[in-house]
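Here come two complexes built around chain A, the first alongside chain B, the second alongside chain C.
What follows is the complex of A and B.
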């Protein structure tokens, strides 16, 4: 007995007071001391890291999107102002490196189901004037005259008459440039005099005309001269002078853009390619951004898509940009910089669309620490009244800060065309050399909508 | 124009009828338009213009008045999905108008920027029937003796009487959208004294509608004063962002020298509120939210009248 008792006493791991039942789990071992973490207020790298973590937790835990945006842009420091419409040489390479964008020339391959394949017929309008026999659209007035293209499968009134579209474009152009008696344009304000009103008229009449086919357009919101702003960090630099000299700071950028016209919709456009696709390389530039030239200023960090967060039309569809007089083609030709003409269009497309899509993503609650889970797609048309260039942008990632970009394989993608003229010249009430392709591309842009699943 | 519409009536030899004409009322009451679904969209349009359009807290009138107008016109234009003939309309901004006429040996002229004009390819059919036109013969224009009817008008030496639509009405010949349809006036000055009072706005609308109609009549029928077989109808909408004034003007005669005979007709629907109040920031009294942010007192009827005037002539 005594030996049994002694063995029980000597068995290791067993307590010898009677409270502990053999099968019960031992109570959780509460830490005897608080966790050892870096201090919040010390002047050390660990303390800075902890402060950053606390800030990120605050933004993650913000209740509403407005609160998130407010906290995101709370700290004001000098930042680079990025202008989408700029005369800087090779600005589009720099902008691509700031926004981690891959540029793919040409338009994205559209799935055939989503668009009326207007180009599938291939023939010129004159050739297809012969009325197609199956062309009875139920009661639709659009079926007056010859039909040109069909919408596969589901269309109720499927035929789109290029003649109608062309006459709309002609009327808008002639009204603004020929029929309406206007005074002479103000100095250096040629763009406000004719191309601006022409663009407004054209887009609003086309959008109204096509709203019967695209229910997204019927629920859209058209804005004239809205504001689009976006603020982000990319890369790191050492502060050069001032009381913060020597500290490592993120490089801050802000885009403040004023497109001529904006169409916002309540539903998102579908993705063009999957989120993780890699279509090219992002240029790496070893110089400081100020070499572009880009200048720093400190002011409010705004993130804005064109209307506040409460608006139901919170996704973007298409934007229209008008190039100012400063950047007209004749100036570049005079200074023997012909290759920079396309650069102007591209940099405008990339910068404006990045700002717009990123601001849309922020309105949905994503930011650089909480990267987007679905791609955001928007379109833009950059024009100077006669030459049109089309761009489509897919935002795959917002994580551009120095630490989040390390393990981020995703890149944003921008498809763009070269600028093509819509017409040659307007004389005596007639438009000469009208280019149907440009108009059809514009119509295709306006008809873009989420695929009906 | 001090006594406002009454003076304008005398100057243009017009008889006033309250309310909108029955043709427009019929469009409004037509259930096929689907006006109920549009209510939601109009509310969004108003909220967008008054609350959401700017990165600041509240947009000012110079900003929200044109934005509200653009949004409403956008909604109206989208109806052309249902009525394809609506695409035969074109908006012209910053239109200048210059028209002269004689009124009891006083030469009068309307000149200036006439707001935003909407033109269409086909004219609006006359709104009043023949009997009503003939009945205006009995109507006596009220005069305000001893105040001369030309009070508050600027006296100018005119060396060239401009009348034809060609040079004065800002469009060249051969313009396909040659019939003026509706004039829009936006009172968007920030300071209240720079804006027109509703009475004066109505008078301004009447004068410009008359001017456009007269210019079109002279272009169609020549300069001789006579009674028109096909009366010309021009509509007019004026707003300051919240109050709307609707007007339909029918020009029956260009014989304006004498005081009797057939008169012109105008239907006016005045002071229609689209919404009572737009609260940008919630009103908080003693830590309790008394009024949340949003639009209060929304009246869909005002938009129905706007849309009916827009669709008039094609439906």
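What follows is the complex of A and C.
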């Protein structure tokens, strides 16, 4: 019996255990086994990498920007609080290394070259100005020159009268410091007493005056004492003590800034230089940020431009910062730290503008794994009431984490000027030593708009 | 001595009873930062005046902290032995000056005599070791193994 059965099994031609006949097309076979990947829960570097990848996929796949921001700042850990207005020595060098920013002294070429056709101090008649704008600007004043964005609108008079602007500035200054009867400022409240209200008044009147020429200003939103926050990772460090001792963590930073005034617009400012341009070097500092000194705290990881995501004015135009009493010029001169005066202005400009532009980019859906595809440009004016410093920032990259910064040749660029006085003194209802250049630069900033295509 | 008031003649001079000890930082510090161990009673203002007036060192910023000395060690009578507390000051120098703590124990150059003595000693030790080795013809087999 068994032999019969065995012979039947061994009969040639009967392959009951082999494949189907060769030559026939095999049907598409789904993989028999799941893909061989690292574990998710193991205590290994591959597992950590897989968890990070899953987190990045989650953020990439988030439906709305609010969801992306929520996931981005979900994990709370101790982070360095970066203050834009700081008394730390050489803070601007440290801030440039944290934000991968190149500092270029002076204003960007487009702002320097295109002077608005402004009447000279001695009022010249309008007829003589008419041929000049045609020669200066790359288009007649009537046909709106699209390339240079600082020209006035064609509908209104083709030139700006410096006398009007000066009278506006004088009004604001004299009202706050001379005409209005104020008591003595409280201790360490000097800045809130006179320069603060003066700045608010000046900017709001200038913006209202220039909104006829710059339709962007007419559609803008002026915020008073807004809040600007940004949270990012840069570099790596080993955790020193605690239950997570020995692990390699990214270095986390948070900027919480309160500019005095802010102008937000619905359209983005045009780029100043192409995205991949290299205008200098970023300082590399090997020491830990706590040597600056910078301190760590754990709290909410907030990313905010001044308004929520649904606001139509989601791009930034200009910020105005007022330096506090702690960072007065006299204090630095008394302690013989004259070179730190400019450092204060620069660090404020770089840190605040980086936070604002990066938060604007995050509101558009970009983050460190999804780098920006177009540069984000914003401007800022840092002042202590009398001295003004102007800054322009172009954000080219958000990829600052240890892994994404390796093959990233892009750098952020910040243009900035030294601080110049707007006036010398205010006496007896007269302003002495008024500086027109500063006012004109301010007007140029406010008139900045995207090129009319 | 008459009571001193500001602007009056300075008839007495007080020398401070403080000492400042410059130490090598345990963690790397920026180039313009010098680390000192100072007396617990000194303040930041005291440290700044001390360095500026006695040593003419331009000081830009001073930060201090108090290091707590541990109390965990025990002596032969099981009493806790405290290490003393001390104050550490981090001084940032002004006018762009930098400071690097010097290497106090550099490696000495070897003279020719000591080098030849070392060679002689090494050769002597080699010869001693060779004397104690077994007969190489036995191939590592100990000498008690045999008939």
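Convention: the second predicted complex is superposed on the first by the 379 of 453 C-alpha atoms of A that agree within 3 Å, B and C clash if a C-alpha of one lies under 4 Å from a C-alpha of the other, contacts with A are read in each partner's own complex, and residues count from 1 in each chain.
In the analysis below, contacts are C-beta pairs under 8 Å (C-beta built on N, C-alpha and C of every residue); 3 or more make two chains touch, one makes a residue touch a chain.
This is a predicted model, so every value here is computed, not measured.
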item: Touching partner for A:434 - first (chain B), second (chain C), both, neither; value: neither
item: Residues of chain A touched, compared between chain B and chain C (which is higher); value: B
item: First (chain B), second (chain C), both or neither touched by A:83; value: neither
item: First (chain B), second (chain C), both or neither touched by A:423; value: neither
item: First, second, both or neither for A:209, with chain B first and chain C second; value: first
item: First, second, both or neither for A:287, with chain B first and chain C second; value: second
item: Which superposed partner A:171 touches (first chain B, second chain C, both, neither); value: first
item: First, second, both or neither for A:311, with chain B first and chain C second; value: first
item: Partner chain(s) touched by A:337 [first = chain B, second = chain C, both, neither]; value: second
item: Chain B/chain C common contact set on chain A; value: none
item: Sites on chain A touched by chain B in the complex; value: 140-142, 164, 168, 171-172, 175, 178-182, 197, 201, 204-205, 207-209, 211-212, 217-219, 221-224, 226-227, 229, 302, 304, 307-308, 310-313, 429
item: Touching residues (chain side chain C, partner chain A) in the complex; value: 27-30, 32-33, 58, 60-61, 63, 92, 94
item: Footprint of chain A on chain B - complex, ascending; value: 41, 44-45, 47-48, 51-55, 66-67, 70-71, 74, 77-78, 80-82, 84-87, 90-96, 167, 170-172, 174-177
item: Contacting residues of chain A [partner chain C, same complex]; value: 88-89, 285-288, 291, 293, 335-337, 340
